[in-house]
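Paired with chain B in one complex and with chain C in the other, chain A is shared by the two complexes that follow.
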Partner chain A sequence: METRRVPRAVSDPKVRQVGFFAPGAPPDRSQSGPPHPASSSPPVSEISPSGNSLSPVMIPPPRHLSADLARGPHFSPAAPLSPMRAARDSIPVGSYNPSEFVAPTASEFTDDALSPNWTARRSNSGKFASSLPAGGFDMSSLKQNNFPASSLTTVSIVNMPPGITEKDGGAGVEVQKERSKTGSKASLKPLKEQTTKAERRAIQEAQRAAKAATKGDGSKTPAASSGLGSSANANPGKAAKASPQKKDNSPVAASEKRGSDRPQDKDRKKDVPHPRMQFDDKSRVEKAKKRSVVKQTEAKNRVELFRHLPQYEHGTRLPELESKLFQLDPVHPAVYKVGLRYLAGDISGGNARCIAMLQAFQESIKDYSTPPEKALIRDLTSKINSYVSFLIECRPLSISMGNAIRFLKSKIAKLSLALSESEAKAILLSDIDRFINEKIILADKVIVRHAVTKIRDGDVLLTYGSSSAVELLLIHAHELGKNFRVVVVDSRPKLEGKLLLRRLVGKGISCTYTHINAVSYIMHEVTRVFLGASSVLSNGTVYSRVGTACVAMVAHQFRVPVLICCEAYKFHERVQLDSICSNELGDPDMIAKVPGRKEIDSLDDWANSDNLQLLNLIYDATPSDYVSMIITDYDTSH
Partner chain B sequence: MPDMQGLVNELIDKLKKRRVKGSLETPLQTAELLRSVISVQKLPPTNKAAALINAVRDVGEKLIAANPVELSVGNVIRRVLHIIREEDLSPSSDEAGDNEEEITWLRDNTAPYVAEIIRPPLLHMLHTFSSAEEKSKSYIFGRSRKLKHDVIEAINMLIEDVNICYELIAEQAVEHIHHNETILTLGWSRTVLEFLLAAKDKKRSFHVFVAEGAPRCHGHALAQELVGRGLKTTVIADASVFAMISRVNMVIVGVHAVMANGGVIAPVGMDMVALAAQKFAVPVVVVAGIHKLRPLYPENPEVSLNDMRSPSELLELGKFSDCMDFGSVDGAPLVHVANPVFDYVPPELVSLVITDIGGHKPSYIYRLIADYYSSQDYVRYGRDALFKL
Partner chain C sequence: MDFQVVVLAGGFSKTLVPLVSKEVPKALLPVANRPVLSYVLELLEQNNLKDLIVVVESESAALLIGGWISSAYVDRLHVEVAAVPEEIGTAGALRAIDHHLTASDILVVSGDLVCDVPPGVVAATHRRHDAVVTAMLCSNPVSGSTESGSSGVKDKAKKRYNIIGLDPTKQFLLHVAAGVEVEKDVRVQKSILRAVGQMDIRADLMDAHMYAFKRSVLQEVLNQKEAFQSLRRDVLPYLVRSQLRSELLLNGVQSEENGNDKDASQNPKIVLSQLLANASTPSFHELQHALGPNGFSLSPRKTHKCCVYIASNSNYCVRLNTIQAFSDINRDVIGDASHLSGYSFSAQNNIIDPSAVLGSKTTVGPQCMLGEGSQMGDKCSVKKSVIGRHCRIGSNVKIVNSIVMNHVTIGDGCSIQGSVVCSNVQLLERVVLKDCQVGAGFVVIAGSEHKGESLAKKEK
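Then we have the complex of A and B:
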């Protein structure tokens, strides 16, 4: 999470070295084995909690780390937050970790989750990441993949039955920590990665083997695999055997990722369209169309640059879907309802969409019964997959939703086979509840507690669009009696800021409202900028409502600190440099229509002229240079 | 003169009510008004130029006060003043070489009448009393007719310049726009429209992104015009500017005024666009007629050279009127709405200014200003510094 140039200059060479290193690594592995277990295995038990309380984003200065170790998972807001300036200067050495070991994690997940499509994406993106410098976010992927397996608040996770993954995560943490300590020793670091990767591969193999071997005997499986896992931990040399072929593949995969994901997909089920399907790929689009529940007509006058993103005629889908409400067998009514509301735009905002989706899944799980001669784990996963594909048809998933789905699937996959159906359902329901409460609701509260310390009397706070976390923060600060003013910056076509303005004014907060064009005008008086985010990617890019980048850029120009409030579950290991490769397209009609201004009608018949296109982007990517601080539910990072 | 006064008041009224808008109408109307002011102005026998200058200034101050942010009014007035000074001086400069001789010759009183006829106006005051009254009177009459005539001619040329500046600027389009380029623009500008169309007419095919320029959304109109002429156009929301700028080759924008330091007063949102362009090293090209050159340096331009428009463009007053009225503890309204019209873009962010006389670096603008204005009309100190803005 670097905000300024200096750190980047430091980390660049490292990154280069890693990308270069991967293919040539195997020969060194035997040498690399010994030092690693010595450093990693003893403190495992301590490390897991640290992984628990650490922000996945930051590789904080050692001070933080030790502080976090001492504290519980969700520690108090009184955490020693270094002032922004100081933090900018202090360079988190390890934060530009090559995400080498993301790839194994991802593919491991693949095998666990039995989710063909997510899988493809995971491994794909993992491979992708391996060729690129990923920021310090590797841990987030670890967390997302492995961590939710245990209860979030427990500290002594290592002892829990699904211990492998914990240890796995712990090892990851350890390596990362190691690296942040010894970050400068570039020669050591890659070796360690190799070992971790190897370990992980071993664990994965072990898991697979264990799962296959002990069908129906749930209690043995975790024990066995955890034993294997720990042995792998201790004996990377042995584990290394498992990995070579895959490792040799990975650079190839990285270099031509789209080509390589096909063969991987082939042997898997293809229920769900690829979440990051490239919609300029005609044959795949055709296939997806045949499967789709929602009848979709491609919009006319597409913007050439965005052919790879889906865009459909807006008005046609909703009535069509509504009429099918009682005919659709495969989709649970609760999910159907949520899908419709996504489509209609009733629910927007990362958190709201995520919660709605999870609650719909809860409903569907409640009503679920395993069909005869089918295993709950497999059948429920495929059910969820079909729901997800339906939701994607309604509106592309947000990254936070993707993470939540991944969480749920891993939960399902990890259900013990010994459990009865009702027990399994109860476990899943409570897991989802806990995810909603801890990862979203509680996370927001923690963020608010952190962030409110950044508000001083007399501040003028600028916010853009309508972020739920920022709204909570402003209201909380107002309730604390802080004396501040809020500038709500809004943009066409969504004008979500109006609703936020309405709510803030209702609470008695003094507000200034303006459009994004006037942000340079208003920035003179602003002292802090608080922004929400849809996701924070592993290269530090903040992926958020379109316009966030502009606001952050102008704030940066005016030397106003930019604070991003983002829950940790929204972090993602993907990397992205611009806003074009991956984005979502909104309804182009929204651009043409200017509500309340009848005189502006020149674009009303835009669809009829071939040369005219309207582009309604939903997200944009803010470079990390513009971000002073990211406030997560774990800690703040700079 | 009551007729003249009526005309002046009419334009003042229009400016105050913002009925005259745009960088074409305003300078034209101002120049035409000044032309008629000059044509009906009765000139005293002596110091005719000063009389004209004072007359123009009187009207000019009122016009400027009527709409201080319509900068082209002030620019045209200063141009006219400059014209008067130039015209006043030009005959003298033609005959400057002769002056010394004349004076000595006159003092010899050898041929006073001949000298009288070719006497330059600057020397007039020295000699009116020493020479024959009748002759000088007839000469003065002729000279005043000539001065007025020249000034009016020059103002006509100025009007002509304003009218054809679009063509002159557009002629340069081919030098800047090439095949397969992607160009971004913001809001509506006739100069930009003509510029792009000129390139299109030269068979260049390129793509235009138009940021709509909320809340007035004039970009829609521009997009429609471009599409009507067969250009590939994409309308984007202003917020998407940062997302799209990485794929743009050039930002071409029209502006409200170009300041003496090379900074520009542009439609709101331009600062954001220019910053984004700078981030991605995309050149920002400003197209502006020479009459938009403002001979002053900006002082706090965001406030002093800005115009705030009605909040109703941003918020429906019906929905939010209660919030605006009900006060917090001290009775102040809770909601403020900022709806500025202009942005100031500093010269660092501008790559090129294209005027009717060619393209210039922003740092060269001060030099152009010296060509088109007299320093007496914009220097803020001294006897002549009458303009408040």
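Then we have the complex of A and C:
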């Protein structure tokens, strides 16, 4: 499903280019055409001989009415609204050729352009809501009316002009008229793309077929029709695009599956943005921005290779979020505080971030009470989801956090329904406690116990950055009375090693401190390299603080064993070969500015220069070839 | 967000006589024809803070303010008004409502604050650092301290300087000295200076009287130090002074840190807190003891953090605590900071109520405001002034840089410059006022000229 979602995401903007897929359309129609008469109710099918009138079967009269009602507030001021509307919907409306617009045809198209469903589909439904004028109907009503409204669209797409008004029947007539008014107005707008009837028809049919499929799965009434809908797809654009390829091998099963997948899919999308959003995809970024709580100004000059990663102007985000403190009611204060600290960079390090997040979730669960008529399992999950998406906006999740969230969600999902609220909460709280204690604290202890056996007297240990596990290890080894020296290698801009150094020196361990530039010189005297990791991926790649790969490779070159200390909960099944496709970008200002040395701040106004891009990469991937051993809480692996 | 908001609305402030009278407590002084308190309340409302406690000095003021709030904010805000005795100070006022404070943090806002800084930023800074107190500072108002014209003010000689010490990151408050203390030498604590290493001393910042306090700490300080009267002069300096040798019983991580090292490796909680502490960017509070003289850590002492939020210069933030400030704020709200007023300005950049009547050849310049039902005669001229509701102004009247409140009658040929004319005042013909304050209900006799005077009825 993952893989399927991604191409769809890409195809989203293609809705605009719908016209280019014209050649594929006719077969599509021919496929979808025949099955429908069989399932449609007799009177209607008489009216529309082409057999496209499947939908009246699916429109139970009350629903139909409600759809009209929902449109009511919209259409009554249709005339004054229409220019604006047309502008907003300029893509669908504007893409038709005016020469084609005989009055009835116009009405048919406005139908498309104006039907909430149509727009909602294009915009992943979030955009639509936000683009509505304040007086418009809210999302919930839109949701409810999604299907009836869409089937209404389906009704009027028939290319038989006389059929339209008749089919809609008495109730629909007035609406239809008004619509046609709006439509004709809208159609006067300057048009950019040209579409032929066949193309349009292809889209509409695809859409209708999709509707049929979804509907069949959702409400079991016209079960027969759903299976037969040919290349049904949730997304009209996709359908249009897919149709040329899928000419004859009508993938019935696939379409059905897709239909049934979609609702869940949609739900999830609503709560959490896609974890691997490609940030060079402009339309998706726009959508995500509308959803987001933190105002995110995209940094302007980003490094070409890393455009797909989110990079914001860091200076603006914190004050923006801060000023909204009291407007963010749904976010629990504890979660908010953690998010704020992520954003400000007050907490870093995989373990600490994970623990802080889990503790915030604990707080929020403590204060949680199930709203009436809702199930704790579902409501709490959606709450956690919203917290998670808030945290993602503050800073992308680390893999450790992702795993912890997955753990928590599965625990919530597995709660028995028979439990009372307080029992369920107590169970969850203790579960989280157990996770922290067993997977992090205890795991670290086990790792330290394993790893300390690798330290011999007289060793010179090198570590890079500041890893909590390595720190515990060094301190423990020191407490055991082992005689060793530590080389702390550090790098700009965060200089995390300084704090580690401070603590190690405080414990009385003899240390050497150097920057990564000098790592090849100091490596001569080193006997072991101990590194922490943000994650270990399933191909053995170690994903860690940027610079780790460099240290590991230098050590490899000098035949110094590289030992990675990583808790098992940080493992991830992903496979990653480079540091480009998935990474995190830090604040470029951090590398542009040197604290305390104003005289060399020559990059002060770098953001204004178009031909200068700064890259502050946070992580890198170390191939498994350069790692001698990974020490986890379960075992060590070579 | 678990914040409780306390608005300190004051009472009948002495420094604002004659503007303040029995009928008009300080909080209800009109700024652009709206009580000054409404600016704070609206700021809070915009930020979704709808549960407020308004503390007012003296019962009669509480009645007036409560009445106004219930008429203006019914169904919009949930406001509780608490009356406290006069002259007990801001700390005393909080002490009096101590038992109503329940949330984990308290946001204390002065009722005379006119600003557009969202209180969220203060609260967020407070939360982020887990501070005991966070104060908002803003730059000194431009003309507020230079009491140029208004010679009627008694305390004009006392310039309100604040000496404020900040750490290099401008996040923590290291030193506060206010008002009179500045005359003497500035004494900076060695221990704090040693811990931080560097301190910025600023004199250009003003305490905006918007504080976030940790409730437990605030209550503890108020209860232990009975003598503390003012938040700004007593409580805040105390907290700042003692931040490295905290006497407060802070619950939470800090008390656990006292456990000695041998337990530390056993107790998962301590390991946890240490892990978190190591991972977070330390402030000087944590660092100061990490490296003792021998390179060994000493036992950590309890500390607490006092944070600041410094409003940027683009924000407007002024307190109405002097007569000069009153004129300044009125001028700014219809002028430079017009977004605060909540009115929409006409093309001429002024606000004239549709029900106001202007005579022929009367001009109302930009940055002026004319309230509803006011009438002006012929050949009048109004510049940079606020005129309240239902005023009757004769012909040939000049009003420049002034504030005329409600129901004022101004005779023909008057000239008013840089003055404040309170409600129900009568100015007979050909009165000339320059830099004067005229108390409520006063009658200025015909043809008189006043310059820099404070005219008010004798209190009986």
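One rule holds in what follows: the second predicted complex is superposed on the first by the 369 of 638 C-alpha atoms of A that agree within 3 Å, B and C clash if a C-alpha of one lies under 4 Å from a C-alpha of the other, contacts with A are read in each partner's own complex, and residues count from 1 in each chain.
The rule is short, and it goes like this: contacts are C-beta pairs under 8 Å (C-beta built on N, C-alpha and C of every residue); 3 or more make two chains touch, one makes a residue touch a chain.
Just so you know, these numbers come straight off a predicted model, no measurement behind them.
S.K.: So, on chain A, is it clash or fit between chain B and chain C?
M.R.: Once both complexes are aligned on chain A, chain B and chain C fit side by side.
S.K.: Considering only the touch criterion stated at the top, classify A:592 as touching first (chain B), second (chain C), both, or neither.
M.R.: After superposing on A, A:592 lies in contact with chain B but is clear of chain C.
S.K.: Considering only touches as defined above, state whether A:508 meets chain B (first), chain C (second), both or neither.
M.R.: The answer is both, since A:508 touches chain B and chain C.
S.K.: Applying the touch criterion given at the start, work out whether A:529 contacts chain B, chain C, both or neither, answering first, second, both or neither.
M.R.: A:529 contacts neither chain B nor chain C.
S.K.: Contacts for A:621 in the overlay, against chain B (first) and chain C (second): which applies, first, second, both or neither?
M.R.: The answer is first: A:621 touches chain B but not chain C.
S.K.: Looking only at contacts as defined up top, I'd like to know whether chain B or chain C touches more of chain A.
M.R.: Comparing chain B with chain C, the partner touching more chain A residues is B.
S.K.: With both complexes overlaid on chain A, does A:611 touch chain B (first), chain C (second), both or neither?
M.R.: In the superposition, A:611 contacts chain B only.
S.K.: Per the contact definition in the header, classify A:521: touching chain B only (first), chain C only (second), both, or neither.
M.R.: first
S.K.: Aligned on chain A, what is the least Cα gap between chain B and chain C? Give it in whole Å.
M.R.: Superposed model gives a least chain B-chain C C-alpha distance of 6 Å.
S.K.: If I apply the document's touch criterion, which positions on chain A are contacted by chain B in one structure and by chain C in the other?
M.R.: On chain A, the overlap between the chain B and chain C contacts is residues 502, 505, 508.
S.K.: Which chain B residues qualify as touching chain A in the complex?
M.R.: Residues 209, 212-217, 220-221, 223-224, 226-227, 230-244, 246-247, 268-269, 271-272, 275-276, 279, 302, 306, 313-316, 320, 323, 328, 332, 334-340, 343.
S.K.: Hey, which residues of chain C end up touching chain A in the complex?
M.R.: It is residues 1-3, 47-49, 118-121, 123-125, 127-128, 265, 268, 271-272, 275-276, 278-282, 287, 290-291, 295-297 of chain C that touch chain A.
S.K.: Residues of chain A touching chain C in their complex?
M.R.: Of all residues in chain A, those touching chain C are 319, 321-329, 333, 336-337, 340-341, 344-349, 351-353, 355-356, 436-437, 440-442, 444, 466, 468, 471, 476, 479, 499, 502-503, 505-506, 508.
S.K.: Report the residues of chain A in contact with chain B in the complex, numbered from low to high.
M.R.: By the definition above, chain A touches chain B via 303, 305, 490-493, 498, 501-502, 505, 508-522, 524, 545-547, 549-550, 553-554, 557, 578-580, 583, 591-592, 594, 596-597, 600, 602-603, 606, 609, 611-617, 620-621.
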